[in-house]
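Presented sequentially are two complexes of chain A, the first with chain B as partner and the second with chain C.
Moving on to the complex of A and B:
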């Protein structure tokens, strides 16, 4: 009987440990993968560590995360400790009110704190960036320090501080020589808590930061579109650092017991020096960042540019580029509407149409852009911006069906979009989790315009999608579709042509189809905001991006189809030879470009799409 | 006459809307062992904390050698304190606790070691230098606390109920030891206690306090023998307190009896109170005394019996080595020196 019990106890412990540590081990394991897949191990390599070291954005983010965490920890620990000590000496009513107030930020959903801080910084006109992020981190770390220090202080004899002062200590000496040593476990626990809270914070940092200042969480979040094992490598390093810190923290008391005085002194020196080094580093970095250079703020979709181009541009023009990324056009619009200022944006066609309508943009002076001659005919003068008065095309492509040649019968391809409703492939396909693209598919399958505002046609499309959902059991996937298709997890997926090119280059069994019924022909283009303060630099940037060399390295890195003739020709013959998705289908008269939607129509689509997804 | 060291002038102290000191006037002399005695809440500890500098008086002055110091922070005063629960620093060993004040003053290490050694010897803790203070007994902690204060060579040592946490036997030892230490170092001790026996046995001067006011200042014998009012009489030892009239100088009357006494200076027929100490009353045969009654209880107290005698008017408590059985008719005799006449409470 007893034996049985202990078996279950052990089993339980093993299950718990496995649950906690398996994800971490898997993450670490795939950081050594030689290929890009996160789920299929192809061999050992240090490739991703190498890329990590060379990735300027990540190393900057590591620096931001670490320096913010260290400074927020130091400052919030000092603030919290002083507050906790003060609280024990306050009157009971004050104490109780303050302790409850202190618990509020801890219990509050983080998003509320985040939005509150963002609004606060906006309303007092503070420039978002490093300082706002630091202030926010101090603000949310301090309550944790108070919570862990306060009980320690309360357990002390209230006469201890008096005793120290009685013996000649000033209040500050009494604090340092008597109170702090007695509550140091509490302070230490609080500091550790503050550090971890700060180091891995995403929600609050995301809302209060800006002007290109990103911590690790924000960078990783932006990377998820083209997730690759660099993240695993970064995670592995972070885990190793944390393990080292934990080991050191646990060893210090053991070592300190052996030679008390020396160790303590040495430790104080080390901690002091480390803090000073970080502070100096931050100041130098901040100083370097604003060295009186011209600053150009660029806002682009995530994983949508070869970042080495930015450095090259900075060097050539002796300026600084602040580069930020967004998840979707709508998110970009929200930030713009909230009063955030940028110089150059790279949104999609329908969004450009909207921005023009709402007067967010200024004319492009094509005289300043000699590289215009490099642009292909096919990408110019489109419906969203006739005559290209506001926009310079950046990448373009289509939406289509990615399919596994070894699974899908070529005969079935003739059905076009109806392939997505072929019961043979039930449970074996991904839809793209996007309201516009899904309705586009249904509209095109039914032979309507994808920009239709006819509610009857929309209703039909809705029924098409409902039927498809019920018969095919599709998965509405986001960017995880890329890794899943590379790994060959399912036979069919709706993807963007650029992603398709990239996926096909990693998995040769796949091919790409744009149905004859027509599809979304889309263009992303560079625009200059009305509020742009660096118009010369903005024009220079656009000109730089459509130079033959830049366009080539950009498409090589990102995989989307360039708007520059020479780059397109070279890739078509080279890396992407035979990859159908790389060459957008411009011949099909059924292809359309998304147009601006009236709010009423947009609302209607959104409601229906919610119903499709609600099962 | 010795020199005045500390003068308290019209000290008052309010906490929120509660008045805890109502005008304290007190002179404290050099080399004096002065005790502030009173029940809890009487203001004795507050007075001590004002002298130490932990509290500021709401009004009034504190003079130290003639200089006003009530706004001076504690670390600038030549005064040290032994706290109620010792307030030793738990993260420091015995030696470092004692050396705390000297270290702050950046005294030379060898001088510190020498002084700490001398202090440990004085309080009888030689060889305890490296001990952990949290592992010491109450009595030992007490000694460390005294050494920690005295090593700074203050002009005044304040002791806030320092023996309160010790058991009875150690307490007795510490009392005589404290007295010895005070004579040895020759400085002023200001001692706070609610234990009247402690106050009487150790002090040069006892200050009896109640309700934020000083009731009486005097030597232990004065306080015991000539309590100025019912409160002092009741608080110091056990007493029979009887309401009566002062007929004229040296003649007092209660319950219809007239007695000669040694008190004078009261108005004629003034209503007064008489204190009769139980040990001053003698049990005699009924025909030899004015006051007669019946024994209603006898309790053996070790050295003496405590006998309650019920008369027509009241019950008297008598402490005597003679035995008298319950139910016996007895007389109570007393001489003029045994009668202590006091002003009635609130009459002045």
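Moving on to the complex of A and C:
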């Protein structure tokens, strides 16, 4: 009877552990896949390890995660241990209060601590980056150390330190020679907990870091929207390193047992030193990636550039490009307004108009950009920046409906945007998680201007979206639409034309439609910020991006319509021949460009959009 | 008897100040900010208002709260059901295996949690492993749409929070005096009765502190809703994130955070009332 029970217990524990390890094993398995697929194993290869080694962003992130974890652990362990010792000697009321305060970051949802620290840093005018991240990590690790050390200190005889001092020890000696050795276990447990928490942290780091400083979590978060097996390779390496560490740690006592006590001691030291040396070596190697060169900070939308161009530019100009991506123009604006500094931004039309109005930008010196001659006529001198004084067009296109020809009835296409409310396709569509584009769709479906500031019209559009949400059960998705449409997960999606071109080139069942009711004709352009510290480099970058070669490889990689004539013509005949989404429809009089929104109107839209999504 | 020397206190003072500044400081700032007004565009005006709180009462935001609450409840109940036996059995393992089990639970933490969630995407996707296995076992004929749905988010939540539950239960079950149960059995209690009257009651603090460590925090885990729920499930945390990054209405985000803060505090107060203990199980002070 008893045996049976203990067998069941073990079985249960094993099942739970399997649950913990399943996702890790799966990522490890696919890290050896020869293709990009995460569903089929096509053959063994080390391709993703090679890509991982060459991925500067990831190696930098590993460096940031490791160095912050090490420093935060050391500092918070010292801090926490001393505080814990001090606490036992404080008055009861002080103790109570401090312990309760200490408690908070452990018990509170992380996001509360995170935004608290973020707000604190921004209120004292600290620039977000490595230092803020380190301070934040120390702040949330210290409480964990205190909670592990404090009970151990409490269990000590308070007279121990006094006895030591009576025997002539200084307070410091009493601390190091008497107290610390007795609470070693607690300190070690605290340090381990601190390291684990810091190394694994996402939420707090996400809010308090910036200016290109990212740890592993942040990089992975930005990557999850799109399949990238290099993450799998990283995961495997981390696991292997941990296993090696565990084996070594477990081997020390085994080896030591065979030797004399003296050897044991020496062995400990040797292994400790070796571990420290390896760690420092790795950090120096990783850190070496960045030093001494001119740095250009570029802020672009996600998945919106052929990244090999950046390397090429870095080589040609002997500089370093810090490349960050945003999910939406609004997010970019918030970061900019919060005091982050960038040199070159690539926002959309209406946002450029806003940035110009609010004096965030500086003039472009077109004399420094000889490649201007490559630009198409169609993309210049638009309403958001007449005369292109501030902006150099980057990509352009429309927003439309991507649909599966094998599922959607051609008759239904005649309804234009109303297709998105056709109950036949309930649960089978993606909307785009963008406030302006979603309202654009509703406005156009209702026959209004997408730049309407009439609150009645906006209300009607809001109702349109609410009804759609209730009847159609759409998913408001971001970049993940791309992979999902390629693998045929849904029949209909609202997408940008460039994504459509790329998706259609991967899945022939799909086609693209811009409804006659009109759509958003958009332009994204490169601008230089007012605070740009590398104006020459910034101009060189813009010039480089609109060279015929760069534009071609850029459009080949991301699928968007280039603003450079030769690249446009070449792709029209070549890879994207016959793909309707590739050529933006400039004929339809119902098409519009987004304009600047007054803050009041913008706020109204933003609130309604939050409501649509939260319903 | 001599009083312990207090000479070191002034040396320790700066450290206290650090703790206060970086732990209490941000929280006080969040509370203060929640009564301010967001400027149109960017920044805040420091005029006292409760508008951010009344705004939370709007039906949409209440709905978000209710939805997060339901999700938190679902994942916490499942966490208890899965985590309690686990922690309990772990405490009954022989010492050596106990240690191994502990390492086995801690180990995944060193692989980034985002990477592990990414692993779940691979498993749960339409043509992913889970559907593949279920289909080849002929349990289903059409692939299940789990990824980007409610169940996916619940799985993610349990996955991230289960260790906290297990460790809390474990820490209180480990201290259990097993002879008490034997005594109960000797006095004629059935196995089930002995469990409910003795074991369960004595491990209750562990279970409750596990609930505290998982329930409210799960309302803030916006990245799980984002990665596994595909923006379909909106948590209070997602709302805060949206207001901080896109909506740039910081005071409203602060007000939402304060609500979470208050809920946590209430739960802890309730815990203390229920268990008569000041400390949380698995966390070390009295």
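In the analysis below, the second predicted complex is superposed on the first by the 407 of 615 C-alpha atoms of A that agree within 3 Å, B and C clash if a C-alpha of one lies under 4 Å from a C-alpha of the other, contacts with A are read in each partner's own complex, and residues count from 1 in each chain.
Everything that follows uses one rule, which is that a contact is a pair of C-beta atoms (placed from the backbone, for glycine too) under 8 Å apart; a residue touches a chain by one contact, two chains touch by 3 or more.
Bear in mind the structure is a predicted one, so any value in this text is a computation, not a measurement.
Contact with neither chain B nor chain C is seen for A:367 once the two complexes are overlaid on the shared chain.
In the superposed pair of complexes, A:181 makes contact with chain B only, with no contact to chain C.
Judged by the touch definition given at the top, the superposed model places A:406 against neither chain B nor chain C. Contacts of A:142 after superposition on the shared chain: chain C is touched, whereas chain B is not.
Comparing chain C and chain B on the residues of chain A they touch gives the larger count to C.
Looking at the shared chain after the overlay, A:162 reaches both chain B and chain C.
After overlaying the two complexes on the shared chain, residue contacts for A:170 are found with chain B alone; chain C is out of touch.
When the two complexes are superposed on chain A, the residues of chain A that touch both chain B and chain C are 159, 162, 165, 171. Interface residues of chain A facing chain C in the complex, by the touch rule stated above, are 6, 9-10, 12-13, 16-17, 19-27, 30, 38-39, 65, 79, 82-83, 85-86, 89-90, 98-99, 101-113, 115-120, 123, 135-136, 138-139, 142-143, 147-148, 150-151, 154, 158-159, 161-162, 165, 171, 196, 199-200, 202-203, 206-207, 216-217, 220-221, 223-224, 231, 234-235, 238-239, 242, 246, 328, 330-331, 333-334, 337-338, 358, 433, 475-478, 480, 487, 489, 599-600, 602-603, 606, 610-611, 613-615. Contact residues on chain A toward chain B in their complex (touch as defined above): 157, 159-160, 162-171, 173, 177-178, 181-182.
Interface residues of chain C facing chain A in the complex, by the touch rule stated above, are 2, 4-9, 12, 15-16, 18-20, 22-27, 29-30, 33, 40-43, 60-61, 63-64, 82, 85-86, 89-90, 92-93, 101, 103-123, 125-129, 132, 148, 159, 162-163, 166, 212-213, 216-217, 219-223, 227, 230-232, 234, 237, 239-242, 244-248, 250, 253-254, 257, 260-261, 264, 268, 280, 283-286. If you check the complex, the residues on chain B that touch chain A are 52-54, 73-75, 79-81, 83-85, 87-91, 100-101, 104-105, 148-149, 152.
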